[in-house]
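Chain IDs A, B, C, D and E follow the sequence of writing; residue 1 opens each chain.
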Amino acid sequence: MPEKPQKITPPLRPEFERGLLDTADLGQIRRPLSKWEKITNITLLRRVLILVLLVSVWQAYAVPLKNPLMFPTFTNTAYAFYDAVLNGSLLLKAWVSIKVLLMGYAAGVIISMILTTLAVATRLGNDLLVTLTSMFNPLPAIALLPLALLWFGLGNGSMVFVLIHAVLWPLSLATHSGFLSVSNTMRMAGRNYGLTGIRYVGNILIMAAFPSILSGLKISWAFAWRTLIAAELVFGVSSGSGGLGWFIYENKNELEIAYVFAGLGAVIIIGLGVENLIFRPIENATVRKWGMQN
Amino acid sequence: SSVTTTPARAEVKEVRLAQQFGIGYLPLQMMREYKLIEKAAKKLGLGDIKVTWARFSGGAAMNDALLSGNVDFASGGVGPLLTIWDKSKGNLNVKGVAALNAMPLYLNTNNPKVKTLKDFTANDKIALPSVKVSVQARTLQMAAEQAFGPGKYDVLDKWTVSMKHPDGVAALLSGKSGITAHFTSPPFMYQELRDPKVHKVISSYDVLGGPSTFNAVWARAVFRNDNPKMYKAVVNALKKSMEMINADKNAAAKVYIKQTHSKLSLKFIEKIVSDPEISFTITPRNTMKYAKFMYKVGALNTKAKSWKDYFFPEIYGLSGS
Amino acid sequence: MIPEITEEVAEPQGSATRPLLEVDGATLQYKTKEHLVTATYRIDFKVYTGDRFILLGPTGCGKSTMLKGIAGFMLPDEGTIRLNDGVITGPGPNRMMVFQEFDQLFPWKTVKQNVMFPMLASSRFSRKDAEKQAIRFIEKVNLSKFTDVYPHMLSGGMKQRVAIARALAMEADVLLMDEPFAALDALTRLAMQEELLQLWDDLRFTVLFVTHSIEEAIIIGNRILVMSPHPGQVKAELNVHQFDHDNQGGEEFKKLHDKIHNMLFADRILEEEAAPHA
Amino acid sequence: MPEKPQKITPPLRPEFERGLLDTADLGQIRRPLSKWEKITNITLLRRVLILVLLVSVWQAYAVPLKNPLMFPTFTNTAYAFYDAVLNGSLLLKAWVSIKVLLMGYAAGVIISMILTTLAVATRLGNDLLVTLTSMFNPLPAIALLPLALLWFGLGNGSMVFVLIHAVLWPLSLATHSGFLSVSNTMRMAGRNYGLTGIRYVGNILIMAAFPSILSGLKISWAFAWRTLIAAELVFGVSSGSGGLGWFIYENKNELEIAYVFAGLGAVIIIGLGVENLIFRPIENATVRKWGMQN
Amino acid sequence: MIPEITEEVAEPQGSATRPLLEVDGATLQYKTKEHLVTATYRIDFKVYTGDRFILLGPTGCGKSTMLKGIAGFMLPDEGTIRLNDGVITGPGPNRMMVFQEFDQLFPWKTVKQNVMFPMLASSRFSRKDAEKQAIRFIEKVNLSKFTDVYPHMLSGGMKQRVAIARALAMEADVLLMDEPFAALDALTRLAMQEELLQLWDDLRFTVLFVTHSIEEAIIIGNRILVMSPHPGQVKAELNVHQFDHDNQGGEEFKKLHDKIHNMLFADRILEEEAAPHA
């Protein structure tokens, strides 16, 4: 039999035992950060940079384009925004829109919670949610117009109705999928403490599915806006009391495109505000803090 | 025009026109059906050309298409024409090519108590295509000024509601949505009037003192400058289509049904087309009244001295107004 | 620490005549679209009030499944599981469970809130009492300094200790513990074992305890159910109330240890034999 | 010292050891199901029942309403549908719409994957995604109109562009939140095998976040439909016969409301079909099978 | 099973003079918004090719964290960790890790696919070889009948065995095993220990092994790093290459066991002392 190749053997080392180290400078230990790291650590700074970049690209594209009726420059838009805020009633109109939006959003969220609770509690509820969602979610708001008019007439009632349509389905889909993904151990732990029905959903499922729910809330928030802007045109508003959608539409009709962009800019600013002043703090105080998201 | 084009310069081989929905666009439908532009172009020596027809559900998108150079001729109401002329002045210089028709617009109501504008109360809601800015809204403002006195053109505005034509019809006829009046155009106003509960309050002809242009065609100056023959071909085709409609209303009604896949009866369409109030002509009628009014209320920055300010010269020979 | 018990081995009598928990021919199965796995097969055993009942057996023999059945998360496909003469139809806070998995803590609650939660959810304690109780038991598992920390900041062993504290603090009638000490180092484990026995001596709850350490089984339990795998079945029931930490080194202890060891060894057909069947 | 109350002591029982049971009838053990359970076990049956119920409610509401201009009865709609399929070109129009839809959807999904991959790979990518999403997601399609026309002209290019807008943001939000929720252990396991960049995202993150991604895909599928129907109206048709949106618009103008509903019905039927023939099988073959959702 | 080793205790010489892995004053910290947790504090040790190096210490002393550092998931906030003289900057397939948590298997892959995955992902094996290797190692952990089952259908112990098979099958130079046998019953554990040692004898990989069982440490390892908690520090390093299963009962073994036991006991200040600081 041929000799096997020699096997590696780790060397023998002396044993030792030693006392504990001084831990006085424990709190001081930090990996040194380079200046660049320090600067790029500031989230706000990075995001503002992105915004500045976007604005520059816009301006650089729009100036040589010279087509203010299609695509005004940033400076023109900024001026229009300034003018609309100061002389027009952009802020008031935004406020009108936001009020309706919040009503519809809140109603949609509540209904969605009821529907998804039903869906996890009973199999019929589950079928109902799945079927309704796959049926109604793809329907454009225009489809709801006749029903909205029949049931709520003109005005905010109908608007809230279509906003619910915008919020309900995406939020339910995200929430439901989140509920279904909650780990079995966590579910069993909750049920072990005698939680059932609404308490079970509220104390266990909603919390454990919070990342999904949060993304559902963000998505449906955005869609509520989209729908609102579009619905204000369809439902119109008795003149005088229109919101942002109306502001955009009116200016579009008058071909005051810089003002149209200013209106859209208001939507963007509100979107950025909601993300950075509401959703991000919520995220930091919940899923981040709990280690459920990195 | 100041720009003289050398005849040698090659013109485009394709012309793109945009139309909207409604009986007012019947001349365009005729042009499409009978390939009138193609024929006119051939006569002018342009050879075989391609004509592309785009359909839009609203004026805003159509104007975007025109301004971005995706269509060459747009069509729509007189109000939008004036707006785009005003706003594109010194830039793209959009002007009218020709009128498409003269048509009345009716304000109908299902409220038996309303006989004149003065009978409207806070309980009434007037639907029209878009509050304050549509032709209907302008006409209503002009009527209000006539009824309530100078400067009081906006007294009815607070009761107006934006609604697309068909939604307005459904709302008025169903009587369940709070809409009690609807300022609309053919064929919707006639459909409404078939219901005995609905009656007419005013017609735009009353307000303007006679037949007035409802729809028109417009284009960018640069297209006309670069493609004078093609432009001419379109104008000629327009003229030709008017002649054909006026010659055979029945055939025209058939074309309408065919082109729009309409399920309305031929009789109904023929009746509208033959209505003495309605005429198909390229001559602009009573457009200056709108121009003056819109300037007065600040909707236009430019004061038009004549209808020729916002139309291209090809039709200056006509007795427009 | 271990109660004195009359040595006579006889059918139970007196106040504790009726078993608290009766598992009667229970077969528990997992069904998926493609597989049907029989985790336990016609299992019988009785647990009396005050028992420290051990489930012992190789991995995959259905110990966790059995506990899930008793907790009410799974209903038997055959046979019955009765608690206090009533058939178990679902989970309830009278049977507190410590799971084998590390994700049983609620990540959105701090250590203290996690321990308080079952007490509040079952309305058995006022908020004040629950807090006191929570602090007491967090101290018992030596995590006082981590009271207000969220679970994701704990090591594996620390998480399991919080789960133990949570279950113990409820002072439930029945404790179901699924390898609760598996992630603990030898010393912490020893301390926890002592703590559990001490508590049992005070409160005399009934505990069903899954472990894979024969030693731990002998020390913790008063009776051991030895299971064999695939499908999980009852192999034997043994009395081990005589032993605790103090006589761990002794002859008797070693003999019993070896007996159980051999019992399991004999059974060592392993998973090879049985597997999910269609 | 007072005597303590007597402590409960469990009784002593005999020991025993026994042989293994016969496992011959192992495969036969099943909990008997009642007839009712058996019937309600059939998902399809339950869902069809829900549909029948919805249709009945519709008919029962619409018949006494007698308002065909706003809300036609089911039977009228069914007839219109039948007629439109047979004599009209509903199927062809639906196909036209679906074709464009699929293009836009596919493009949106691909871009979303790129964007979210960037977002998990780099911090700047993350900021970019968060900022862009919160800015553009709330914008209605109308805002994109000028850009779409400038860049893509009339026709499918622009349509695909607005469809991407409809799909991209909600899908990215859901995917990104799913990525962030992947457990640390799973991430570390993946990276341990030397996976980085695109392979890491493809092999670990996408799989582990699959439930979230699937719900994002469903949501954005629905929104693609909504947007398509709306966009067909805005963009109109440049040639050919247009799609479902144009069918609805044309009939609306003709006040053929039953046909409008038939068009919407087609959208619903397609939605149900996609849910039951595509998404549910995918779910069953993935997240269900893997035990990631119950 | 255990290699013969010259008994002379001296600084290493010859081919294995240079350490494979050198941890030099490594401090590893977890930072969250509110807390800064120092998990290990200025840890030093050297691991040579072929070492079976044990990390031993109470829960929360930073064993898992140390492995994460070596695996490259965390960078030291102070000090360095060097492998083959290069500073570790990230994870790589030359260091296969078995995690402590049960969710380390990919739920979307069957047992076999899970085991094959690292082999394919690192392109070290062809698909065919990977499959052969996977089947071989699944057999070694006695799960052949579960080859095509998804992880959610396995018990806790079975999942851990799959993870072990996955790591072993790679035949990596360095194995990092975080309490891999904690969820296994006594017998399966024994079998796995033997399997690991057998494999080591064949392949002579280097393994860093976390355990909380002193016995397991002595049997598996050739050298033990004893750690003390809060923050995790080096307390001692011991040689244990002399011991294996066969002399487990012996006097020497027991003496060493007690020595380590006392060493850890002496240190039993527990978590009370230190906690997350701001």
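For this structure, a couple of remarks:
In this text, a contact is a pair of C-beta atoms (placed from the backbone, for glycine too) under 8 Å apart; a residue touches a chain by one contact, two chains touch by 3 or more.
Keep in mind it's a predicted model, so treat the numbers as computed, not measured.
Shared contact partners of chain C and chain D are A, E.
Using mean Cα coordinates as chain centres, the one most removed from chain E is B. Taking each chain's centre as the mean of its CA atoms, B is the chain most distant from chain C.
Here the two chains linked by the largest count of contacting C-beta pairs are A-D.
Between the CA-based centres of chain B and chain D the separation comes to 43 Å, rounded to the whole angstrom.
The distance from the centre of chain B to the centre of chain C, with each centre set as the mean of the Cα atoms, comes to 83 Å. Residues of chain D in contact with two or more other chains: 67, 70, 142, 146, 149-150, 257, 289, 292. Contact of a single residue of chain B with at least two other chains is seen at positions 60, 64, 68, 164, 167, 170-171, 174, 176-177. Within chain E, contacts with two or more other chains are made by residues 32, 101, 103, 153. Interface note: chains touch in the pairs A-B, A-C, A-D, A-E, B-D, C-D, C-E, D-E. Every residue of chain C that touches chain A in the complex is listed here, in rising order: 68, 71-73, 90-93, 95-97, 99, 101, 103-104, 106-108, 117-118, 121-122, 150-153. Put simply, chain D touches chain C in their complex at residues 7-18, 20-21, 23, 26-27, 29-31, 284, 288-289.
By the touch criterion stated above, chain A contacts chain D in their complex at residues 40, 43, 46-47, 50-51, 65, 67, 70-71, 123-124, 127-128, 130-131, 133-143, 146-147, 149-150, 169-170, 173-174, 176-178, 180-181, 184, 211-212, 214-216, 218-219, 221-223, 225-226, 229-230, 245, 248, 252, 257, 264, 267-268, 270-272, 274-276, 279, 287, 292-294. Contact residues of chain C toward chain D in the complex are 3, 5-17, 27, 29, 32-34, 36, 38, 41-42, 46, 48-51, 75, 77-78, 201, 204, 206, 222-223, 226, 228, 231, 233-239, 241, 263, 277. Chain B contributes residues 18, 21-22, 52-58, 60-62, 64-65, 68, 70-71, 164-167, 169-171, 173-174, 176-177, 191, 260-264 to its touches with chain D in the complex.
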